[in-house]
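Sending over a structure as structure tokens; questions will come in a sec.
Which chain is which? They are A, B, C and D, in the order written, and residues in each are numbered from 1.
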Amino acid sequence: MSLFHRLKHALVILVALVAASVASIAQTADEAFTRLAADSYSDTSRAIEILVSSAHPNAALIVEALNDGRLLAGPGGVAVKTAAGGFVDARTGQALPAAPVDMKPVRLNNAVRRAVQAALGGLGLLNPDPAKRTAAAEAVFKSRDAGLLPIVEAAIGKETNPRALAALRQAQAAILIAKPDTQPLDRFAAIEVLRERADQDALATLRALPGDATPALKDAQAKAIATIEGRLKLWAAAQNLWYGLSLGSVLLLAAIGLAITFGVMGVINMAHGEMVMLGAYTTFVVQELIRNHAPWLFDWSLAIALPAAFVVAGAVGIAIERGVIRFLYGRPLETLLATWGISLILQQAVRTAFGPTNREVGAPSFMSGAFELGGLAITYNRLWIIVFAALVFAALLAILKLTPMGLQMRAVTQNRRMASAMGIRTGRIDALTFGLGSGVAGLAGVALSQIDNVSPNLGQSYIIDSFMVVVFGGVGNLWGTVVGAMTLGVANKLLEPYAGAVLGKIALLVCIILFIQKRPRGLFALKGRAVEA
Amino acid sequence: MNAPVPGALTSSLLYLDGVSVSFDGFKAIRGLSLTIEPGEMRAIIGPNGAGKTTMMDIITGKTKPDVGTVMFGGTVDLTKLDEAAIANLGIGRKFQKPTVFDSHTIEDNILLALKSKRSVGKTLFWKTESPQQKRIDDILGIIRLADRRDRLAGSLSHGQKQWLEIGMLLAQDPKLLLVDEPAAGMTDGETAQTAVLLKEIARDHSVIVVEHDMGFIRELGVKVTVLHEGSVLAEGPLDHVSANERVVEVYLGR
Amino acid sequence: MNSNRREFLGTALAGAAFVGSSYLPAAAQQDTIKVGILHSLSGTMAISETTLKDVMLMLIEEQNKKGGLLGKKLEAVVVDPASNWPLFAEKARELITKDKVAATFGCWTSVSRKSVLPVFKELNNILFYPVQYEGEESERNVFYTGAAPNQQAIPAVDYLAKEEKVERWVLAGTDYVYPRTTNKILEAYLKSKGVKPEDIMINYTPFGHSDWQTIVSDIKKFGSAGKKTAVVSTINGDANVPFYKELGNQGIKATDIPVVAFSVGEEELAGIDTKPLVGHLAAWNYFQSIKTPENEAFIKQWQAFTKNPKRVTNDPMEAHVVGFAMWVKAVQKAGTVDPDKVIDALPGIEAPNLTGGISKMLPNHHITKPVFIGEIKDDGQFDVVWKTSGLVAGDAWSKELDGSKDLVGDWVEKKCGNFNVKTGKCGAA
Amino acid sequence: MITRFLLQNMDKRGGIFLAILLGSAVLVPLSNLLLPASSPFHVPTSTLSLWGKYLCYALLAVSLDLVWGYCGILSLGHGAFFALGGYAMGMYLMRQIGSRGVYGNPILPDFMVFLNWQELPWYWWGFSSFPFAMLMVLAVPGLLAFVFGWFAFRSRVTGVYLSIITQALTYALLLAFFRNDMGFGGNNGLTDFKDILGFNIQAQATRAALFSLTCIMLAAGFLIARGIVVSKLGKVVTAIRDAESRTRFLGYRVDRFKLFVFTVSACMAGVAGALYVPQVGIINPSEFAPANSIETVIWVAVGGRGTLVGAALGAVVVNWAKTLFTSGFMAPYWLFALGGLFVVVTLFLPKGILGTAEAIWARRRKPDSTPAAEPAPAE
């Protein structure tokens, strides 16, 4: 903290524009550049401090370069590699004719990184971009540095952007709460501001109220804390629900292909997980190709991987159906064994082809990061996965209900002989149905590559869960699969805070076992005398 | 042969009253009432979907009715019992599609059906005594399979399987037999023989026969109940029933 | 073998040991000296262990180029225990009795080591175990070339407390013995440094845990209490990738809440986009990025051997390099591959490690190692930000745990692995 | 009565199998202990313990064949019963270590000392007594099977659904036993055993005795299973497999028969696990892995479902192949071989080795006779 502290004090000086002699700037700058070249974290931190406090004309340039790893230093001096690829002398700002020879990038550790961010943040209070000002105010809020109060208050006076203004007021409130000599009236106002902010950080700030505050203040503080905690509890429940839905959508993706092969065709495909794995590896291969040949397409890599994964997994599925499963219709348990064997072969084949280690699948920019929605933190990748799961489900439903192929599939499922008599090529439909189920598993693989390992073991970790979802939801009913997946996902996440991840999962498994006793054919089972032959 | 038990609600052997059941909104049986007297043989006819098999399912405990009374022997409420208990009360059933144990020998099929204690312990330490062996031999004689007793049931022809299943019913020695389309898929000769066999059985058992084959029913010469859309349409001797306009309408379409 | 009935019917253990040891000189008379490699090549552990098999093949090939050992060529015997623990025991027995290996290099998980341990004891052979583990073990037939907890966990915590001013700790691990023990040790250590119990959060997850949303958000919550917070991760294997992905997505940056991991190395990072993870830490005894001539030569050799210029190296590989060098020296010193003589020769043997130091085999069968703290870089490598001034001796028994603080392993003087300094006896308290 | 029960209708195949087992029970240990290693008839200790392991698997396979081959219940969780039996034995062996553990605690096993357990959990009480432990070897798997089966069979969960929930059962147990808080040693399981009934567990004589005992228990398990199968109860059970509802309409309480067979089978699997642990030297939660249970199914399928002897044969053959395939140049290809085996057996050898061999034999002898009893697909 002390570094931060000093830095802020330095900023006061900077902002107040206390005149500094050109000579002293030059002298301190000398020290800073020597330190930058010293290859020591503490020297680097100190150098930043000096540069910023002495208002070196190139301070922003240097600090930003350091942050991006573009700052080079060595016995020959300090240079900045510009974004365009050229080189600039850090001291003079003049372009260098060629890449400097004896310089290495200045290294960062977390301490240096924090110093850099603080420097950027402090500089940011005056940034013309309101978003940067907001971020800077947020940094001040977290530091609660009393030395910055005058600047913050000055900034409030000039601020026109409402978001930045709110952030600045909160920063002011945070400083006022913690500062020992604040007037009680100001503190009351500060507590009110924090109560309105009402998040985890506000809570932490409120607790920083010094112990010698008046009883009335303490009372207000306690009330504000209670209000915030109550609100947070509600948000926490909502957040949990969100996690549950997100887990549910992952389960749905993993299980929905199975709902086709198992639910519609009655084929126990233990190699289903491997179809998911193949989808994930297809994503990897597509991304490798894009990285090597067309890097500008990277953000589209998943979109390109989707049809590829569908085709790869679907084709493997069709091959399995034609090669093995079609000889085993009417013998579900034998199918189970054969497909288990296939799953072992596929796993080891992938291990041989791609190596046993995890493969890196990158996230396109639109799937990285998170945003806040009220008190909810929503990560983009989870959001996209939920959307994707819904789309896949809708598409599948449409295929089954609306297309001629779906009609034929249902016909074959319900009465093979009759369908055959009506001219449907049942063998072809079997293969296509299985291919569809496998292809959908491949699509799931693309999505799962974003949140899980891309390794030969990927599929195995989902197979039991997938079966649970399908069986729980009721075989032969796609809606049942959705309800099953969401129920299991939410139940799992609601149990987790109380029972822990492991016990929660065990409890859920036991519940499913008991549930199947009650409804042997799942939540949405077909009834009727035809059920048992 | 079965005197009504004292305190019984009815003297009939089987008594169905106001029975209804529906599957996913489809009413398979609606307000069905039916009475079978001890020693009676009854034929049940009706077009496809009339609820014949569902009725059998209800009597044998496979399906539970939504509403209605099903009493056996005047005192026992069949809706409260499961299949095994009902079978042990003395209700035997022969399925439409002959269902025998394909991987057992013909003799073992009869042995399994033979009236005896059905508990786990009793079967584990079972030893076939000579009276039981004699009964098995008798039945094998009746169903004309004595010379093939060591063959696997799976190797029998369709008609022989029907007989074997009737033989198994005999071995069970039930008070009431439910026979679902015994003549289906048989040659004319076999059909005639089956009718003779059933009449023989009916001498000391109550029998319900479900059948499509009018000739077969005529041969049996018993009271007929016509089912339609889950309830009784007509009842009486075959000639009487076949003269009924509604019955003709149902069978021949409008 | 001129044995008679009585000998065999005598004390049976002696008999078994006799059978075991009497085979080995016979093996030595053959043309080659066999070295067993006991790493899973299929199943879930293949992800980590296959590499170690390749390293061993490379080292043996290298030694043969130098003329072999005791004038004979070395011969690698590779078996695949298929990530199946009982199969590990079976394969160990096969290596020793059927293939008559002089020593075995192998195992990764603790349970696989525990599974083969009785076999190595019974048949009196040598196992080199290259992975960091929970300690609390010192066996005559096993040489532990990976880190004990005091060579990895405690220096890392010290670093965070000192350099990053961490006051609040999340100890997150997979629920098995290594994290449990390490966290027990760390908890005791932190408390002894004045950390309050409410500033320590301990969390365990199952193997292969993939849904980290709740736990990461809990960590975030725990970290927003105003004090600097860090996560000490003993999360194992496959669970790391989804964990780090979730960290990145929920925006937990190393500057806010740094995560220091003990099971995440270059190989694991090869499966992750490390850009969001820059600054998170790992503590190891070796990093590929360490610039020493030995290490650069090794990396070059390895990439040439695997014909893959991008192939990474990691800590357990270095452990095998050091262990193999020590074994070679001990065999040369003993003049034989007879396990008893080699076991006696090993303590005190020194071999250069790849980071510029000289590691030494200690009487407790652990080795001295330097400790490095590295920060993850955006290219999947580590940038060493701190290291111990010298080499740290591996403690078989943790000083932080009540049960083991009085125990030392000493196979040279005391001839036992659990000598109790209080009672002055081996084992029994 | 018991002898009559066990030996009724003994056929040639069963007789040969029994003779081999009992012969091995006597001759192999003798050869191991008495013959010098140079003798061509000497059985080395490593072979002894390897085959001891195979025979434990064979007993597990026989128990699975009893429920799957004859009753049509495809249990994908039989490994759970095996592991529970193993844990019961392991707990006994742990308690036998006494104060010889590394920490020298006379009561607590090492892993408890190490994680600061203060006292022995209640479910460990009594395991220092061998008879009690042996009772538990039977009772724990038996009870679990009984409770599980009571629920499942009563509510008529059959076929694939049953398979999937048995898999869920063993998976739940896997997760539970992984937890260190359960007090079963977590992932490391129970290990470092010293002696059994006072005999050193690593001694050659003990190993020989354990091998002998395994042969005898396999023979006993085979006899019991065979006794059940050829009795009238066995016929009922087979009838259930082929036509469950028909059996019900004959008045048999299908759930009770299934429950009986399932429980007996679980106890048998428990015994197999109990014999396995002292010979392998470790028991850990990975034995609960669903993959292990599925592998057991393939042993039975390879040997010949519904033949008992075939199941034992399948277990030995597959595991022998595993030993072979996981060494030398074939090492990385074991999973291909295993996976291929699953596919080939289901496609081309639905009756397994023994069933196919028998069919060929029967055809050659009596070209016109009906094929042997063919296990119909279980639905």
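As a convention for this text, a residue touches a chain if its C-beta (ideal position, glycine included) is under 8 Å from a C-beta of that chain, and two chains touch if they have at least 3 such contacts.
Everything numeric here is computed off the predicted structure, so don't read it as measured data.
Undergrad: Work out the mean Cα position per chain and let me know which chain is farthest from chain A.
TA: Most remote chain from chain A, centroid-wise, comes out as B.
Undergrad: If you tally C-beta pairs in contact for every chain pair, which pair wins? Let me know.
TA: C-D
Undergrad: Counting in whole Å, what is the centre-to-centre distance of chain B and chain C, each centre being its mean C-alpha position?
TA: Computed from C-alpha means, the inter-chain centre distance equals 73 Å.
Undergrad: How big is the gap, in whole Å, between where the Cα atoms of chain A centre and where those of chain C centre?
TA: 32
Undergrad: How big is the gap, in whole Å, between where the Cα atoms of chain A centre and where those of chain D centre?
TA: Distance between chain centres: 45 Å.
Undergrad: Scan chain D for residues touching two or more other chains and write them down.
TA: Chain D, residues with two or more chain partners: 175, 178-179, 245, 332, 335.
Undergrad: Considering chain C alone, which of its residues make contact with at least two other chains?
TA: Expected reply: 41-42, 175, 204, 206.
Undergrad: What residues on chain B touch chain D, complex-wise?
TA: Interface residues on chain B, with respect to chain D: 60, 62, 82-84, 87-88, 92-93, 95, 99-104, 108, 111-113, 118-120, 123-126, 151-152, 154-155, 168, 172.
Undergrad: Quick check: in the complex, which residue numbers of chain C touch chain D?
TA: My answer: residues 1, 3, 5, 8-9, 11-13, 15-16, 19, 41-43, 77-82, 84-87, 89-91, 93-94, 97-98, 109-111, 114-115, 117-119, 121-122, 136-137, 175-177, 180-181, 184, 204, 206-207, 401-404, 407, 417-418, 420, 427-429.
Undergrad: Going by the contact rule at the top, pick out the chain A residues touching chain D in the complex.
TA: 268, 270, 324, 327-328, 330-338, 340-345, 347-349, 352, 460, 464, 467-468, 471, 502-503, 505-506, 509-510, 512-514, 516-518, 520-521, 532-533
Undergrad: Mind pulling up the chain D residues that touch chain C in the complex?
TA: 33-34, 36-38, 44-46, 49-50, 53, 99-105, 111, 113-116, 175, 178-180, 186-189, 191-193, 200, 202-206, 276, 280-282, 284, 286, 322-323, 326-328, 331-332, 334-335
Undergrad: Which residues of chain C touch chain A once you look at their complex with the stated criterion?
TA: The touching residues are 41-42, 44, 46-47, 50-51, 163-165, 175, 204-206, 208-211, 213-215, 217, 220-221, 224-226, 238, 241-242, 245-246, 248-251, 254-255, 258, 267-268, 270-273, 276, 279, 375, 378, 383, 385.
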